[in-house]
Structures are given as structure tokens and as C-alpha cells.
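In the two assemblies presented below, subunit A is common to both, partnered first by subunit B and then by subunit C.
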Partner chain A sequence: MKIVAVTACPSGVAHTFMAKKALEDSAKELGHSIKVETQGAMGIENELTIKEINEADVAILAIDAHIAKMNRFYNIPKIEVSTKKVLKNCKKVIEKAESKVKK
Partner chain B sequence: MELSLTELINNKLINRNFDGTTKKEVLEEIVRMVNKDKRLDSKDLYYKKILEREEEFTTGVGYGIAIPHAKTRAVIKPTIVILKLSDPIDWEALDDKPVDLVIGLAVPEKESNNTHLKIISKLSMKLMEEDFRQSLKNAQSDNEVLDLMEDIFYKN
Partner chain C sequence: MDKFKRHLMTGVSYMIPFVVAGGILLSLGIILGEEGFFVEKLVNVGVWSLQLMVPAIAGFIAYSIADRPGLTVGFVGGVIARELGTGYIGGILIGFFAGWVVNKLKKIPIHKSFQIIKPIMIIPVLGVALTAVVMYLMAIPLTPAMTGLENWLVSLKGANLAILGFIIGAMMAFDMGGPVNKVALAFAYATLAEGIYEPMAAAWVGIMAPPIGLALATLIKPNRFSKSERANAIPAAFMGSLGISEGAIPYAVTTPFKVIPSIVIGTGIGAAISLVLGASSTIPAAIGIWALPLVNNPIRWLIGFIIGVAIIAVLVAFLRKESDIKKDQEETEFNLMG
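What follows is the complex of A and B.
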């Protein structure tokens, strides 16, 4: 499964990046490919292109507030969770994303 | 851009044996250390913002680690504080485990230096790695802690 993800937390210095790492590690462990964009204190980093989003099976938005360029995900199966949820049980989040694809 | 790690952390911002027994004591100690190193405009505002952030939801991210932090105009320059607790304390962590390593972060509201923010973000990601956490927890000197931080600083 190809996953694209965005992480964002209120201050954009800690949870944004911890969630990114958690998603990358769990996706790898579960045999998925993933690219994670961060929207943190340094702005958008590792930005997802429209092409990457269109080619993905599912988007995971691990965000605690509104994010920029949300409209990019209009046309793709997606789940929205908090960064907290990702840190607490990342595999479960990815499994939830899997179920979106299977439907 | 040339800059040194000491702009973010130094041995005055490390305590490898803090004997606080409550979350409140730990947070107060962080504020005290950051303030003592002349990195705050307003001690009260930084403390208030840290508490607000804790109330939003716990910064106990699991694995015995908490990362209380605040991004506010009360902060003069980006700062990392490292406290190793002599006894683990409750932090209402995501995995319900007690916390024995606290990484305090102070970030100015309008931080223009991305290099500093980059290091803080890299540190956050490194904390997800078991090896790194253990090395930090087992460090036998402040210099050992600084060496670990330096690895993050210089390696990609």
C-alpha cells in the first residue's frame, strides 16, 4: 500500500516530528511505502506533490489543527487522526487506513 | 550557517539527577533553569504557556519520556533542557508508564533561525529511537549528553 501523510501539531516542534517518525517506522514494519509531509514551525517540509497524492492508496492526516493545502486530499481515501493517536498506537492508525482502502 | 550547539543547550541546562517528585516540580525546575541561563523575557509567561500546553494534552509521549514545551514570545532563544529524574514520576503518559527523562523545549514565538528549529525537530524524531533514549538515560556525564546532542547537530 502506498501511503501519503501529513503531520501537524500546535507548536510544530515536537509532536509533528515524533508522529512523522512513528508513521515512517510503523509503515515500514507493516510493509507499506510512505511519504510524510510535516507542517511545523519551519513551515511545510517534505511537501507532497499532487502526483504523489494521486498515486497513493490512502492519506493519513495526523493533525491537531487546520493544515495548509488541505484541498490536495479531496480526491483520495483518507483518515484524520490526532498526533497523539499516532504516538499512542501508530499501527492501529495504519490498520485503520488499510481498511479505508479495502472498502 | 555557522552556529554552535551551545546556543541551544549547555551543561547548565542539563541535570542528570533531579529529585523532584511531581510534574509541577519538574516544570518549575525547567523554567528556573531556562531563566537562569538568561533565555527568557518573562518567566511567568513561559511557565503559563508550558502549563497550558500540558493541559491541552499530556506531553508524556511514552517510553518514560516527556517533552514539555512552549512556543511563546516569553522565550528569547530556542532552548533544550534535559532532566533525568532520580525517581520516575507519573506524567499521565500516553502509555501510562512513569517518566524518568524530561526534555524541556523553549521556542520563541517568531523564530527566524530554521537551523535551530531543525535540530529540535531532529531531536524529537531521535527520541522515538530506543537506542538513543537509552544512551540519553544512561549518560554518565553532562558532556556525554552534549556529545549525543552534538551527533544530532552535525549528522543528518
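What follows is the complex of A and C.
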């Protein structure tokens, strides 16, 4: 399964990047490919291209604050969670994303 | 409710850099003596930057709710909130109103060929006008309330100041970056906007004492903490010193009834002592310990802080038992430094 993800937290220095790391680790463990864009204090980094988003099966938005360029995700199945949830139990979040794809 | 929180957090996240820039430049100016051409400019720039915090939070709350068209309406609403003396609280309320009203204005039916005037004319003009009316109405009860709060805070001395410090410190420590912590921090920002700097000094203790105190506890009694908890100590203390208290959470997850009361008591007492000794801060607590020289009365602040850290470390180290290690769960496994 191909996953794209965006992480963002209010201060944009800690949770944003902790959640990115957690998503990448768990996705690897479960055998999925993933690209994670961060929208932290430095703005958008590791930006997802439209092509990457269209090719992905599902998007995971781990966000605590408003994110830019939200309209890129209109056409693909997506789940929205808090960064805290990703840090507590990332596998569960990815499994939830999987179930969204199967439907 | 979740949406509400997200909008507020967006506003706060865009506001923080204004406060950081203004707070640091202002305090540099004050330290250098407020006189002379250069220093005077420094103080001015600091104050101007700080004054943008109310418009910024209002503007970006509205941006979060209504996207791009919300920004202008929210910003102007925030300037009105500031000029009418309703401060930060007024800014937050009007930001929400501005976002809501812009979303309503977006839905006005309009003939296709005139569509273009909606974003460039209707939304900014009507949005700002309506927001201004509402802000003037809100200021009727809000301005006297804010002035009263301000006068009350300025009049606090001695024991009352200690109670204020204890409450802010305790709230900041209670959920380590959660909603209660944010309420206390919002209060410290609000008073900062009014030129009252004591609550922010208490918030400094509240952000940094829990993770550093807990890290110290793992050094005092290493056998009472699990391997991952000991490994987390240094990153938690490091992040704590940079103004991020979430590093304390893993310890509170395993043994909440031992850790949370300890950090609440230790932080509360530490913050109370700092304030009574005369510490105050123009700089937001989120910056971290390296900005300590810019706090007013840094040594006195440090005395309270060290006492707070010591109380936390000793309480936790002695309340924890070796049997607590077994409860170590998956949740503690994430390491802050990745």
C-alpha cells in the first residue's frame, strides 16, 4: 500500500517531526511505502507532489492545526487524527487507514 | 470541540514568533538601559512586534476557519480588539467571529458574471464592517473586565503573588502540554499583552521544571525506572530546557498518581518562590532556558526553579517503587529525539 501523510502541530518543532518519524517507522514495519510531508515552524518541508498524492492509496493527516494546501487531498481516501494519537499508537492509525482503502 | 481547539492552536502557532521576536528585542533594550539612539529603537521595535500579537492570533484563527478570505477580516478585528483594550481574550473571540462571518459571506448567492467581486469586494468590506460592529459591542463588557483583571494583577503582592505563581505553575505541570497547561499559558500571554510580566515567569517554571525534575529523579534512583524511561531522561531534560514539556508524559503514563501530584506540587512551589523573589519575564516561556539572561531577575527566577526541580526529583524518586517498572507499556517506548 502507498501512503502519503502530512504532520503538523501548533509549535511546529516537536510533535510534527516525532509524528513523521513514528509514521515512517510503523509503515516500514507493516510493509507499506510512505512519504511524509511536514508543515512545521519552517513551513512545508518534504512537500508531496500532486502526482504522488494521486498515486497513493490513502492519506493520513496527523494534524493539530490548520494546514496549507488541504485541497490536494480531495480525491483520495483520507483519515484525520491528532499527532498525539500517532505517537501513542501509530500502527493502529495505519490499520485504520488500511480499512479505509478496502471499503 | 476538536475543530474549535484546532482553530485556536493555529492562531497560537502563528502568533508565537511575533511574541518571541518582540519579547526578546524588548528585553534586550530594557537590559541595555532604554536610553540612546540604538537602544530606543530596539525597545520600539520590540513593542511594535509585541503589539501585533492580538491581531495575529485573531487573523490566523479566522484563517484557520475560513482560509484565505478570513485573514483580512480577522486581522482588522484583532486590531480593533487591541485598540479597544480587550486584549488577547477579545482577539481570540473576534477571530472566531471573523472566521464564522466570512464562511457565511462566502455563501451569498451572486450572479456568475459578478462572481469575482465576492472575494475582492464583498467579503473584505462586509466582513470587516460586521466584525467591527460586533467587536464594539463585545468591548462594552470586555474592556472593563480586562481593566479590572489588570489592576488586580498589578496590585498583587506577597502571599497573593505566591498563590498566583502556585496556581499557574501547578496548572502548567498538571497535564504537561495539554489543555490545562494551555489555559495557564494563554493567561500568561494575555497578561504579557497588558504589560504584566509575572505570570510568564511562573509559566517558565511550569514548562521546564517537570521534565528536568523527572530526569533528575531517574538519576537519583535509577533502579526504580525502566530502561526506556532512563534512556528518555536526557532527551526529556534537553527538550524541557528548550521549552517543550511533553518529555515528561511517558513517566506520568506509567504511574500517574505518583508523578502528577509530585510535579504539580514541586512546580507550584517553585513558581511561587520565583515570583515572590521578584522574577518576571517579557519573553514567552516556549523559548527555553538559553534565554534565561533576558528574564528580569534571572538569579531569583533560578532559585525558585531549582527548588521546584529538587522537590519534583525527590518526591518522584521516593514515591516510585521498583515494582512500578513492570507496568511499563508500549506508550513509553517512543523516544523524543527519534
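Annotations
The rule is simple: the second predicted complex is superposed on the first by the 103 of 103 C-alpha atoms of A that agree within 3 Å, B and C clash if a C-alpha of one lies under 4 Å from a C-alpha of the other, contacts with A are read in each partner's own complex, and residues count from 1 in each chain.
By our rule, contacts are C-beta pairs under 8 Å (C-beta built on N, C-alpha and C of every residue); 3 or more make two chains touch, one makes a residue touch a chain.
Quick caveat: nothing in here was measured; it's all calculated off a predicted structure.
When both complexes are superposed on subunit A, subunit B and subunit C clash.
In the superposition on chain A, no contact is made by A:51 with either subunit B or subunit C. Contact with subunit B, but none with subunit C, is seen for A:42 once the two complexes are overlaid on the shared chain. In the superposed model, A:21 lies in contact with both subunit B and subunit C. Look at A:11: by the touch rule set out above, it reaches both subunit B and subunit C. Applying the stated contact rule after C-alpha superposition, one finds that A:66 touches subunit C and leaves subunit B untouched. By the touch criterion defined above, A:88 reaches both subunit B and subunit C.
Once both structures are placed on chain A, subunit A residues 10-15, 17-18, 21-22, 41, 87-88 are touched by subunit B and, in the other complex, by subunit C. Within the complex formed with subunit A, the residues of subunit C that make contact are 5-7, 9-10, 12-13, 16-17, 60, 63-64, 239, 244, 246, 286, 330-331, 334, 336, 338. Every residue of subunit A that touches subunit B in the complex is listed here, in rising order: 10-18, 20-22, 25, 38, 40-42, 84, 87-88. Listed in rising order, the residues of subunit B touching subunit A in the complex are 53, 56-57, 59, 61-62, 67, 69-71, 94-95, 105, 107, 111, 114, 117-118, 120-122, 124-125, 127-129. Listing the residues of subunit A that touch subunit C in their complex gives 9-15, 17-18, 21-22, 41, 63-66, 87-89.
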